[in-house]
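Below you'll find the structure I mean.
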Amino acid sequence: MTTLTIILTDGPYISEYAEMAYKIAKAALVHHKVNIFLYLDAVHIPKGSQNPVLFVNIGRLFEELASNGATIRACPRCAAARGYQATDGVCQEYLPGIRITSLYDLAEMLKESDKVIALSK
Amino acid sequence: MRSVFYLLDVAPYGSEKAYGLLNAAAVSIKMNVIVGLYADGVYLALAGQDSRALGVPNLSDIIYAYPEMKVIAHEPSLAKRGLFSQSLIERVELVDDEKFIEETVASDSVIAL
Amino acid sequence: MEHDRQLHSDGKEPKVDIFLLTKPPFSERARFCLRLIEQSEHAVLYLAGDGVYVLLEEALENLSLARIVVCREDLEARGVQAGDKTVVLVDFYERLVEDAMNKESKLYAF
Amino acid sequence: MRSVFYLLDVAPYGSEKAYGLLNAAAVSIKMNVIVGLYADGVYLALAGQDSRALGVPNLSDIIYAYPEMKVIAHEPSLAKRGLFSQSLIERVELVDDEKFIEETVASDSVIAL
Amino acid sequence: MTTLTIILTDGPYISEYAEMAYKIAKAALVHHKVNIFLYLDAVHIPKGSQNPVLFVNIGRLFEELASNGATIRACPRCAAARGYQATDGVCQEYLPGIRITSLYDLAEMLKESDKVIALSK
Amino acid sequence: MEHDRQLHSDGKEPKVDIFLLTKPPFSERARFCLRLIEQSEHAVLYLAGDGVYVLLEEALENLSLARIVVCREDLEARGVQAGDKTVVLVDFYERLVEDAMNKESKLYAF
């Protein structure tokens, strides 16, 4: 099984990248292992209670990816700065399945990956 | 992946991108890591950065803290921005366009943040 | 995977370069992407997001590209017309993943 | 302030900037409002935008919904991006560099988002 | 008394603009009325429990501005999409003094302003 | 305020244009800012953030500027040297606000 890692740095709604990452990850999950690392502003993506009116709910899309087997991790420095605190990787404000762990996870994801896609403004 | 090329094409300090990219490169040093300074990213090569009064981490110090990280700067980008007449930090290797592209494609992956 | 590694350690390059471009043509990233395409022997260009504006560039004609694949919903939203030489797909991401995850290809995203 | 010039210099759809800028201009129409399309912002002038499949609001429709909003596009930016050979929406007035600058400085304030 | 309105579109930490806006607003509050409108990603600025390690706490800076008399308002569409819900303008996740109101407030702020500064990536 | 309005309705322009530039010189915003400065009869340029990189531009010499004011902490962080013709201030923002809020000035920020 081959592995794809996607790195994001933008928050939801401000750019198309979160939604694009969802579309790529969804297609990749059919035959491949998918890792997503949420870096810098992308740590806002799993925030709960998002309620966009004219756009798709990005948080839900990532919740769906996690429940379909994608490994989604967020950078703890970026998350803490922005107000997301975690205990044992679990953040109460986050949607289920997405954890705040360590930047070293990014390196581990890259090492085990066959392909990498970084999407960023 | 056994090698990663991190492309920095935005100016340091004004955004968190440079800091984030250097941190990502720092945790990746068990692989072969190259940080490529390109376009506005080449401003990171300026010597004499002192960020104490601004109250943020000194980005050139991060480069010195990780000698395993190879740092190259794109000469045409430096020239365009008037940096050839300035003091540059020694850790940064200046390379021409061809060599920069060569290093980019030689890595297993290219990450632009 | 093992096979892929051996290809690399033999000094052989992957046979196909896949470029996913999502930036408009006058961004530094797009310029860098087009520069990488110039030196590729077998390049396939996937255009999504603001990358579809690259189709308005005459310079695209001069690039040696095996194929240009365009994301249909992104193209339509922006009012850009695709030329004859492009493949416009609804299942763009499925095809991108198929191409990109192939062991014989190398993937770039800008 | 009695007049505002909103400068849009990023491409529509790829970021929320264009949508945000048009909404801000729409609520400001009790003042004199000009939306100036510049650099990548001129892509907003392309005719035939259909964002239904993408699932986001049609930005050219917003321009038509607010006739009070004057929308101008910077001709050199259009030319550079190959847009003169394309169909453009009629609501957008094409102006040369001098006229664009003139309109910018004539407004009480300039807002680039 | 003259009025300055500052418009922000970036979240905290990702760019210098939130901190720069603070410095401008702080200087302006000495002699002028100051309005700040938080638009697009800037609605993340007033989020509580920010805990940056090597950077200044941006949320606190804006809380300080509000307590020193700055009028700080956030766009409801941008905020709701990003997971910040408000009742009568008050969002539980926000620091005190900053309210989620209406985009029309931006127009009102502009109309009553002598000068405007938009800071945005 | 009333005085200022009358100046405007008389068709007179404010006497001083204040430009706050925070973007590096090759950004579209910086180019636009420099273009506006070109047509100003009395321009003062305030450089903060990545705007301080504009000091490395030779083109700056050719601009007719009454004054260039630079934010000291932003300059030092970036390792940029300021020339003789610039004023480097610790109390940059106080001075900016004073200049910018003056009724006789018009403020631009890029």
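Lettered A, B, C, D, E and F in written order, each chain numbered from 1.
Keep this in mind: a residue touches a chain if its C-beta (ideal position, glycine included) is under 8 Å from a C-beta of that chain, and two chains touch if they have at least 3 such contacts.
As the structure is a computational prediction, the values presented were derived from the model and not from experiment.
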* Asked: Can you list every chain in contact with both subunit A and subunit F?
  -> B, D, E
* Structure fact -> Touching subunit C and subunit E alike are A, B, D
* To do: Weigh D-E against B-F on C-beta contact pairs and write down the one with more.
  => B-F
* Could you grab the centroid distance between subunit B and subunit C? Build each centroid from C-alpha atoms only and quote it in angstrom. => 25
* To do: Would you mind pulling out the distance in Å between where the CA atoms of subunit C average out and where those of subunit D do?
  => 29
* **Rounded Å distance, subunit B centre to subunit E centre (Cα mean)** => 33
* Residues of subunit D touching 2+ other chains? -> 13-14, 16, 39-40, 55-56, 109, 112
* To do: Mark out which residues of subunit F touch at least two other chains, giving numbers and ranges.
  => 22, 49, 107, 109
* Structure fact -> Touching two or more other chains in subunit E are residues 13-14, 16, 40, 55, 77-78, 114-116, 118, 121
* To do: Select the category (line, ring, star, complete, other) that matches the graph of chains linked by touching.
  => other
* Any two chains that touch count here, so list every such pair. => A-B, A-C, A-D, A-E, B-C, B-E, B-F, C-D, D-E, D-F, E-F
* Along subunit F, where are the residues that touch subunit D in the complex? -> 8, 28-29, 32, 35-36, 39, 106-110
* **Residue numbers on subunit E that touch subunit B, as the complex places them** => 13-16, 54-56, 121
* Asked: Where on subunit F is subunit B touching in the complex?
  -> 22-27, 49-50, 53, 56-58, 72-74, 76-81
* Asked: Which part of subunit B faces subunit C closely enough to touch in the complex?
  -> 7, 9, 38-40, 97, 101, 104-105, 108-110, 112
* subunit E - residues contacting subunit F, complex -> 2, 4, 16-17, 20, 23-24, 26-28, 31-32, 114-119
